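Below: the structure, in C-alpha cells.
A, B, C and D label the chains in the order they appear, each numbered from 1.
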Amino acid sequence: QEALFEALLRIGDSTLILAHRVSEWCGHSPVLEEDIGLANVALDLIGQTQMWLGLAAEVEGKGRSDNDLAYLRDAWDFRNLLIVERPNGDFGQTLMRQFLFDAYHLELLSALMQSADPRVAEIAAKAVKEVAYHLERSSDLVIRLGDGSEESHRRMQDALNDLWPYTGEMFLSDDKDVTLAAEGVMPDPSSLRAKWDAVVREVLDEATLSIPESDFAHKGGKQGVHTEHLGYILAEMQFLQRAYPGASW
Amino acid sequence: QEALFEALLRIGDSTLILAHRVSEWCGHSPVLEEDIGLANVALDLIGQTQMWLGLAAEVEGKGRSDNDLAYLRDAWDFRNLLIVERPNGDFGQTLMRQFLFDAYHLELLSALMQSADPRVAEIAAKAVKEVAYHLERSSDLVIRLGDGSEESHRRMQDALNDLWPYTGEMFLSDDKDVTLAAEGVMPDPSSLRAKWDAVVREVLDEATLSIPESDFAHKGGKQGVHTEHLGYILAEMQFLQRAYPGASW
Amino acid sequence: SAEEQAFQDRIDRGEKIEPKEWMPEGYRKTLIRQIGQHAHSEIVGQLPEGNWITRAPTLERKAILLAKVQDEAGHGLYLYSACETLGVTRDELMELLHAGKMKYSSIFNYPTLTWADMGAVGWLVDGAAIMNQVPLQRTSYGPYSRAMIRICKEESFHQRQGYAIMMKMASGTPAQKKMAQDALNRLWYPSLMMFGPSDKDSVHSAQSMSWKIKMNTNDELRQKFVDQTVPQAEYLGLTVPDPALKWNEEKGGHDFSEPDWSEFYDVLAGNGPCNKDRLGARVKAWDDGAWFRDGLVAHARKAAARRTPAAAE
Amino acid sequence: SAEEQAFQDRIDRGEKIEPKEWMPEGYRKTLIRQIGQHAHSEIVGQLPEGNWITRAPTLERKAILLAKVQDEAGHGLYLYSACETLGVTRDELMELLHAGKMKYSSIFNYPTLTWADMGAVGWLVDGAAIMNQVPLQRTSYGPYSRAMIRICKEESFHQRQGYAIMMKMASGTPAQKKMAQDALNRLWYPSLMMFGPSDKDSVHSAQSMSWKIKMNTNDELRQKFVDQTVPQAEYLGLTVPDPALKWNEEKGGHDFSEPDWSEFYDVLAGNGPCNKDRLGARVKAWDDGAWFRDGLVAHARKAAARRTPAAAE
C-alpha cells in the first residue's frame, strides 16, 4: 500500500512539475502555434495529475485530496523525476526535455494499462492517447530542428547533451519498484528501457543528433532528493494555499 | 499613529525588498569585489529593515514583530516604492537602480535625523552613514561605467531610461505624508526633490548620461498597488514562514 | 464613385463582403487596423492571466486558467487568419506590433496583482469584450464575422468562469472578499475605458458604422455594460467604486462617472503600468524564438529539396 | 641541488618562504594549484549557501547568512592575492577554473535542499575545512600562512553559527528535527570526502609534507574530524548515518565507515549533482560581466589620458 502510494506520487508529481515548467512558457513561446501546443500539453498533464494524485490520496487513506498533495507538501516529499524540474532554458531545452520524457511516459502508460490494479489501468488508458500525441508532436519538432539550420542543430545537440544525464533515472529500480512489479501493479522501470531506447534513437538519428556517450545518471528525485530548482517551483506554486490556509478557491 | 505606522512600512519595506533584489546577485556578480560590495549593501539594508519594521511593529502595538511584518504580509500590504521591486536585469540596471535609490535614501535619512520623533531620528542617524557610503560607491561606478566603453555607456543609458519613470514616486505626497510633515515627524517627500535632483544631475553629467525628458511617473507602491514582480519576490522570501507556521528558526 | 456606391449598397442590404471581392482601400485599411489590433490584444492578453497560471490555487483552477489562455491564443490565430485574407501577413502584423506601430487593447497594460484579478478579468474585461464583439458577429466582412461568431461563444464561457471565481472569492474568507473588492476597484474604470472615448471625441466612427465595421457607438456599449454589470456586482456583495453611480429611472439606465480620460490617453501613449513590460515580453519572445522559426524553415527547404532533387541542383 | 637543499633546510628550521625568494619550481606549482583551488572553492562555495539567502526564514538569519557568504568572497580575495605573489594573475586563475583546468572543492557540487543545510554546511563543511586549515597556519609559504590565519578566525565563527542553526532545528518542531537529520544524512559522507582519498591512494603527499604545504595526512585529519563531530551530533540528538560507527577504546578514536570513493571520483570527474550548474553559474557570471570589467578599464584609460594629456597624443 505504501509502495503504491509512493509509486503514484512518482507519476503524479512528475506530471505536475512538468506541467508547471511547460506552463511557464505561456505567452512567451516562439510562435503562436507553440503557445497553443504547450498550453495543451500542460493542460493534459494537469488533468493526469489530478487523476494520479487523486488515486494516491485515496490509497493513502488519510483524508488528503489531490490538491493537498500538490500544494501542501515540501520538496523532500515530492517524488518526481529530476528531469522535469530542470529549468526551461531556451525553447530547444524545453522541447528536448519534453521529447525525452514523452517517450518514457508513453512506454510507462502502455505498461500501466496492463496493471493488476484496475484503477491504475483505467487512468493509464485515459492518459495514453494524450501522451501519444505529445510524443508525436515533440518527435516531429526535434527532428525538424535537429535537421534544420546550423544554429537549431547546435541548440538541440546542446540540449540533448545537457539533459541526457537526467534520463537514466527513469529506468532505475528500487525496493518499491520491485515490490510493485512482482505484484503486477507497475512495470519494473528497467523493463521500459529497451523500447525507449529504440524510439529515442530512431528520432535522434533522423534529427541528425548524436547521443552522448557518458552513461552517468543523476538520481534521487524518486526518493525525494531533488535539485535546487524544485524548492523555487514549489514556493511559487504553493503560495496561495500556504498564505491563506483553509480558504476555498 | 496609523500614519506613522504606514510611513515606517514605506521605508522598511523599501529597504527589505531592495536588499532582497541585491542579494540575488550573491555569487553571480561580474567581479569578486562586487560580490563583496553588494553583500555589504544588502546586509546594511537588512539591518535597517529590522530597525524600521521593528519600530513599525512597536507603533502598531498589536504584538507583531519585525519578522511578522516581513514574512506574513501579502503584496497589497507592502508599502515599498516600485523601483526597488524592479528585476535586477543586467548589472547596469542593478547599479542604476541602486544609485537612484541611494541618492533619495540619503536625502530622506538626512531629513529624518531631524524628526520630532526621537525613535525615528535615532534610526536615521544610525543608517545615514551606511547609506552615504552606498551612494559614494554607486555614484562612482555609475560615473565610471557611463563614461567607460561604448557598450557600458549604452547599457547605463538604457538602464537610466528604463528606471527614470520609477523615480517620480519618491517625491509624491499623500494625506499621510502631509499629516506627518505637519507634525515634523517625516519630511514632505516633495521637499526632497531639489537636493536629489542636484546630486543625481551632477553624477549623471559626469557619467555623460542624458536624463530622459518624460516626467511620467509610475506610482502605487506606497499605497500597496505594486508591479507584478512583488508577488514572486514574496512567494520566495516567505516560503519557510508560510510552510512551517509557528516554527522558531 | 459608382463602385463605392455599389459596395455601400451591398453592405446596406446586409450582404457579406468576401476576401476576393472589390472593396475600398479605406475599408481594407480600417479592417486591417481593427482586426489586427484585436488579434494583438488576444496574444498580449495572454500575459496578465499567464502571470497567475503557475500560482493558481488549485489544480482545477490551474486547468481552467490554462484552457482560457490557450483559447486566447486560438482567438489570435483566427483573427490573424482573417486579417491575412486582406493581404497582410501575420509576420508583418507582428512586426508592426513590435515596432509600436500597431496597438493592442490598453486594458492589458494593467497588472494582475491577486488571484481575484483572474476573476475580475474574466467578469469585467471579457464582459466588456463580449459587449463589443457580439454586434460584430453581424459585421460586413465575412471572415471577420465568422471569426467573431466562434470567439463570442468561447468568450461568454470565459466570462462565466470569471464570475464563478468572483463568487468564490466574494463568499470566501474576509481576505478573499477583500481581494475581490480590491480587484473590482482597480479594474472598474479601465474596463469602462475599453469601449473607447466618448462618442463626441471618437474619430473614424461614422465611416466605420456605415461600413458596418463598427455596429454601435462607444457610449451605447458602455451604458449597456454598466447596466449589465452593476446588478452582478450587487449580487456578489461588492461595491462598484463610483459614488455617483445611480439608477436613472427616466433613461432606464444607470448614471455613472466617466473614467479618467487623461489616464486613458497616457496609457495609450505608452505610460501605463505595464506597457513596457508587456511589449518587452512579446518582443523578447519573438527575438528569442528567431532561431526556432528559422530552423523550421531550413528544415522545410531541405525536405523539399530531398523530395525534388532537381530543385537542389 | 645545493639550492634545493638550502631551501629544504630553511623549511625544516621553520622559516617562512617569502614571495621574492628563491623556490623550486615544483614548490611554486604545487602552491599555485593548492592555493588557487582553495580560492576557487571560496567563490564557488558562495553558491550553495547563496541559494538560501532570499529564502532565509527570519531577518536575523538572513543577515547572518549574507555576512557569511560575504566572508567567503573575502577569503577568495585573500587567497587570490596570496596566489598572485607566486606570479599568476587572478584572471588567469579564473580562466583555468572556467576551462575546467583547475578544480574547486567537490563538496560544493552537492545541492543545498533545505534550510537545515545552512546549519549542516556551517557545522560539517566549515568544520572539515577548519580541520584542514588550522595546521596550514604553520605552512612554509609566508603569504599563504598569513591568509590562513585570518581565514581560520572567521571560519570558526561560521562553524559556530552553523551549529547554532542545527541546535535550533534539532530542538524545533518535528519537521525541523527531520530536516536537521536529513541534512546530516546527506552531508556526512561528502564531508568525510573533503579530506581527500585515503593516505594509501593519495598522490603528491610526501613531497608536499616535506615542503610543509601539507601538514597532516588525509586519514589523520579525517579521524580527528570524526572524533570531534560525533559527540556534537549526539548533543544535537541526531544520528550519524553510519551503522559501523563505534568508539574504539584501544586507538582512542572512533571506527567509522569509509565514504563511497567511487562517488568521490565520479564527482571529481564532473559527474556530481551540481557540477554543471555550479561551474555554469560562475562562467555565466564572468561572461555576463565582461562589459562591466571592460567598461571600468576603458574609464581608467580615459582618466589616465586626461591626467597626462601627452600620453593621449
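Operating definition for what follows: a residue touches a chain if its C-beta (ideal position, glycine included) is under 8 Å from a C-beta of that chain, and two chains touch if they have at least 3 such contacts.
These numbers were taken from a predicted model, which means no experiment stands behind them.
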Other chains in touch with both subunit B and subunit C: A
Minimum number of chain-to-chain contact steps, subunit C to subunit D: 2
Euclidean distance of C-alpha centroids - subunit A vs subunit D, Å: 36
Subunit A and subunit B, separation of their C-alpha mean positions in angstrom: 41
Interface hub residues of subunit C, defined as touching at least two other chains: 55
Contacts with 2+ other chains: residues of subunit B: 74, 231, 235-236, 239
Chain contact graph, described as a line, ring, star, complete graph or other shape: other
Pairs of chains, among all present, that meet the touch criterion: A-B, A-C, A-D, B-C, B-D
Subunit B contact footprint on subunit D (complex, rising order): 43, 46-47, 50, 53-63, 66-67, 69-70, 73-74, 76-77, 80, 90, 115, 165, 168-169, 172-173, 175-176, 281-282, 284-286, 288-300, 302
Touching residues (chain side subunit B, partner subunit A) in the complex: 74, 231-232, 234-236, 238-239, 242-243, 245
Contact footprint of subunit A on subunit D as seen in their complex: 51, 55, 111-114, 182, 186, 266, 271, 273-274, 276-277
Touching residues on subunit B, where the partner in the complex is subunit D: 16, 19-20, 23-24, 26-36, 39-40, 42-43, 46-47, 49-50, 53, 66-67, 70-71, 90-92, 143-145, 147-149, 151-153, 155, 236-237, 239-241, 244, 246-249
Interfacial residue positions of subunit B with respect to subunit C in the complex: 74-76, 162, 165, 214, 216, 218, 220, 225-228, 231, 235
